[in-house]
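A, B, C and D label the chains in the order they appear, each numbered from 1.
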Amino acid sequence: MIIVLRPDATDEQINHIVDKVKGLGLKPWLSKGVERSIIGVIGEEDILRIQPFEAYPGVEKVMPILTPYKLVSRDFRKQDSVIDVGGGVKVGGSRIVVMAGPCSVENKGLLIDIARKVKSDGATVLRGGAFKPRSSPYSFQGLGEEGLKYLAQAKAETGLLIVTELMDVRNIELVSKYTDIIQIGARNMQNFDLLREVGKINKPILLKRGMSNTVKEFLMSAEYILAGCNFNVILCERGIRTFEDSTRFTLDISAVPVIKRQSHLPVIIDPSHATGKWNLVGACAKAGLAAGADGLIIEVHPNPEEALSDGNQSLLPEKFSELMVDLKKIAQAVGRQI
Amino acid sequence: MIIVLRPDATDEQINHIVDKVKGLGLKPWLSKGVERSIIGVIGEEDILRIQPFEAYPGVEKVMPILTPYKLVSRDFRKQDSVIDVGGGVKVGGSRIVVMAGPCSVENKGLLIDIARKVKSDGATVLRGGAFKPRSSPYSFQGLGEEGLKYLAQAKAETGLLIVTELMDVRNIELVSKYTDIIQIGARNMQNFDLLREVGKINKPILLKRGMSNTVKEFLMSAEYILAGCNFNVILCERGIRTFEDSTRFTLDISAVPVIKRQSHLPVIIDPSHATGKWNLVGACAKAGLAAGADGLIIEVHPNPEEALSDGNQSLLPEKFSELMVDLKKIAQAVGRQI
Amino acid sequence: MIIVLRPDATDEQINHIVDKVKGLGLKPWLSKGVERSIIGVIGEEDILRIQPFEAYPGVEKVMPILTPYKLVSRDFRKQDSVIDVGGGVKVGGSRIVVMAGPCSVENKGLLIDIARKVKSDGATVLRGGAFKPRSSPYSFQGLGEEGLKYLAQAKAETGLLIVTELMDVRNIELVSKYTDIIQIGARNMQNFDLLREVGKINKPILLKRGMSNTVKEFLMSAEYILAGCNFNVILCERGIRTFEDSTRFTLDISAVPVIKRQSHLPVIIDPSHATGKWNLVGACAKAGLAAGADGLIIEVHPNPEEALSDGNQSLLPEKFSELMVDLKKIAQAVGRQI
Amino acid sequence: MIIVLRPDATDEQINHIVDKVKGLGLKPWLSKGVERSIIGVIGEEDILRIQPFEAYPGVEKVMPILTPYKLVSRDFRKQDSVIDVGGGVKVGGSRIVVMAGPCSVENKGLLIDIARKVKSDGATVLRGGAFKPRSSPYSFQGLGEEGLKYLAQAKAETGLLIVTELMDVRNIELVSKYTDIIQIGARNMQNFDLLREVGKINKPILLKRGMSNTVKEFLMSAEYILAGCNFNVILCERGIRTFEDSTRFTLDISAVPVIKRQSHLPVIIDPSHATGKWNLVGACAKAGLAAGADGLIIEVHPNPEEALSDGNQSLLPEKFSELMVDLKKIAQAVGRQI
């Protein structure tokens, strides 16, 4: 940590800070410059981070040097983590994982039809929401446990694994019973109580990036889960909020290589929620794989006109089939397979 | 709702949409233009909003006309809502309400000292976190129930009302027992299960705007609470996320008049979290009152160097006293009192 | 255009608006709804757009239906524009165009070395700034005409075409004399006098998106150039400003398919300026091609440590060679060649 | 400047950097930490800033310590600058300066009427655009020199000073002839050639903040003007681009105290362009004064329905009169006068 002093900082103020640092058991070094003096402290930054040095008289600003996360960091683990989600499916290895399905679980027949279709095109995980976070209290809120049961039946019929969202800490056992991967949605990325709870179990967690969270905060939320001893975390970039209004969110494609450099955890892309428009999903899915993502999560619905949520961003099954053909070519071009 | 058609929309596609609208019991009107044709449907927009018309063939885009919220709207209630938070304190009337106190509750003696101090300067509500949302799992997470008890004791000693944050649905009874106003933090503004729960009780709720949520989404989250029959909602603008990095967030001062035009609910400003720097708090607090806010929530700590959270943004008690003198002048200039 | 009326709009106010619309020679239709009434006017939206209807009493908001651009639109021209930049190089066809070179032109020998290198790897256009937009008045501002001469010599030596930036309207003849493609930088995307001037010549223009401009505004700036009769415009996405700070800007990858749907103009990606970090350039370049971009502009410098500007984001020639191998695979995967 | 090394940096790499720093005539100090080592260099940061140390092998990141601006800084000049704009009007002193008038100069009679009106309410500077930056090439572009003449006549009639925008370097003499203050618009804040030119004259410059520029970049653009020896710069906050869409831009009210701490230059607020809506102008104008701004620039038009630009955000003269009454109270509350 570097503490930058104000040009008018007095010796008394400087000594006060130096003493404080020493009192914490650390070794400060003071460096006097022409325009500014600074105090540096190397190592054990965790002890320093919680000290509000910016509130000390004579201090202009404080600059941390180390990243605040530990367990998710490449420094902690050099090689890529490969998350085994069961049924022979692994996220983070050379094989790209495609998760596909409807936004919401709506009825059993439809769900099983979609499941069969996406499986035949190469998807290995079925997505579908039983509990839906909706900005309006008057919108369809999901089928709840009934939806979870339909997902389980679709799994039984097709062998696809299941990923579905958990919103409420009180439902953790219920959702765990039916799903292979628990999704934590973007709006709950900083619901710390929820993160702590899913850190206590050992199911794979698909953690979506909050719409206005930095990559650093995203990794800190993953850290909550790993700190609870659940290392099975898959990160998902799903678009951030910007001023651009031709898409629902702005897919932050560079988050893929940024995360790959900072962390050992696998990362996938959600082009459906990022763009909000089915006719932009394909281009963004291809870009995601080309940028190095380990997988994709894509919304598919045979009749978007009748979808109870997000019909605008769902691909028709035939469009999904075409896209999968294209994605296989891109995967090959980057030395991977689907 | 206006459905804008593509220039190449066929008669068949147009008829399909018209029939769909009629099937919902509504009356469409088709208007053919030189470059674009459109289909309009007036009234009962709620029925339409959940139809994914953008997914229909021949449709270019869909433009809603009505706001999606009802109960929080000025259309629903013309006059300003005044929330009675108990002890003779009302938020939304001519008297400005100042809530002040430490970021976190740290120990009893300190808390009671601060409470006495801010009361003597004109604050009527004591703030302090017992459960703290922290981006790092390694930061101080709050004292929990012990902190709530200290708040209750500070109330008993000083007569100040209490506002404190609820993060976890499982703690709703616990927190309710000790506090006069329940705060829902920015990171939980779209934790819909939590919103639904606090909609079922009738304690006043201080709902903070999410760091990247629009005013419209903010009002929709308030709508969740009102829809549960709890009309005692106080809105709080606390800064939004932008590219500017000289402050922690960017205080959206125009949100005050925007909300006042759209909604009957009272709105207060949190200049401490918005700026993240104690030396910017005063200017932003004054701006808030001048813009028409009904109150302020300000962090005060006698020894920011030792604060366990957010020391950088806490005012020293003597700075708070000076600010209150200034605020009284601004309040008077806009025809109100503190 | 749809004019949404306030719930309390009087008949007199409504008639006033209706009369105004008729007075402009257009046909309004009034539709009375339960909660809101609206007035629609279809066609000739240009006449309406400049009327400040939102300032009329009784009006709540105004919603335009048509896009404000004409000549750049897919409605104006269905097929993709292919820009012939000379020397057999065409932007927008099946062949991907790679522009590469140093950020700034620094000295002749170095420039010619880089030119030879990037040509051997498949680049067909040499980039290099002679006039540099720098946020600090104390930074290196470019070599000016001397730099242009070096570019011309590099062209003579290698046969590569040249792209370089024009910042000042007074230099238009000077820069035109030496370059094949004139670049308008992000900071000048809304320098309307400059846009008008380059609209009067018929050299190809590489128009970079402003760091905080929407795709719609980007297309409007291109419209300025086409409206002057210069249809040879290549668009360039180079990152937008967001809250994310792990990259210099956020590459808006979805802008590629969005622009492709809205406009017939070709679009290329600048991964060097978008990310600001050489080790992220490759992933973003690949993503750009996968998303459908028609080309790339990439910074290459044999000795980034000594570069007079933007050394942090320049690829070493050997890294560029490796990347070109990867890019050829991606191009093939999307049915194109480099 | 602090150079943070990668955990795997070799001694050879470290020595290479240390030698480079010494070669620049500066003194590096190396500090080895448990998790990271760093190299610090204090003073003469200008020499270092242009070195791309992030491109050096073994370097993780580089953190500048000093601000990149000099002449605009409080370090350079402790006391507030007061800009004498002529006619006894000074910006930055205890008297608040109000600039008011139409967005565009449209016709002489109207302009003089508005001038008389705003003067009678306490404005001392008349605003009005003769050259207009418009996002569409088909919008009204201003009257040009004819508009400048009308402004001069309005000055002759009323004694108000004039502020008008300069867009094109070629018009600098023309515009200077007619105006007291030259405005550099938000879209030209980083038009460096234009900044350099207005740095060479000694007329007061009203520099508007770019819609997506940080305060630091804003001050760097002012630095361009001061570096040319024109110290008469007035800064203007006019809203930044964010995701919020209920206003045209988001007024960054905290920029006022931030700038006041960093710089000695005066700062004013433009609530008209920031909000884009006349009914939000008053609240934001009051907030601006309360936050410490030295003045305001406000659009006024007697017949917004007929305004050729920005009618939606113009105040009616009677609304302006009412606002001035309120503003005088706020000015008094912060110890100033209008």
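In the analysis below, a residue touches a chain if its C-beta (ideal position, glycine included) is under 8 Å from a C-beta of that chain, and two chains touch if they have at least 3 such contacts.
Fair warning: this is a prediction, and the values are worked out from it, not measured in the lab.
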Under the document's definition of touching, what chains do subunit B and subunit C have as common neighbours? A, D
Quick one: which chain's Cα centre is the longest way from subunit C's? B
If you average the Cα atoms of subunit B and of subunit D to get two centres, how far apart are those centres in Å? 31
Using CA atom averages as chain centres, what separation in Å is found between subunit C and subunit D? 26
Expected list for subunit B, residues touching two or more other chains, is 212, 241-243, 245
Can you check the complex and tell me which residues of subunit D touch subunit C? 20, 46, 49-52, 54-56, 68-69, 133-140, 167-170, 187-188, 190-193, 195-196, 210-212, 217, 220-221, 223-224, 227-228, 241, 277-278, 304-305, 307-312, 314
Write out the stretch or stretches of subunit B touching subunit D in their complex. 212, 214-216, 240, 242-247, 250-258, 261-262, 274-275, 279-280, 282-284, 286-292, 326, 329-330, 332-334
Touching subunit C in the complex: which residues of subunit B? 2, 4, 7, 29, 31-38, 40, 42-45, 63, 65-66, 75, 212, 241-243, 245
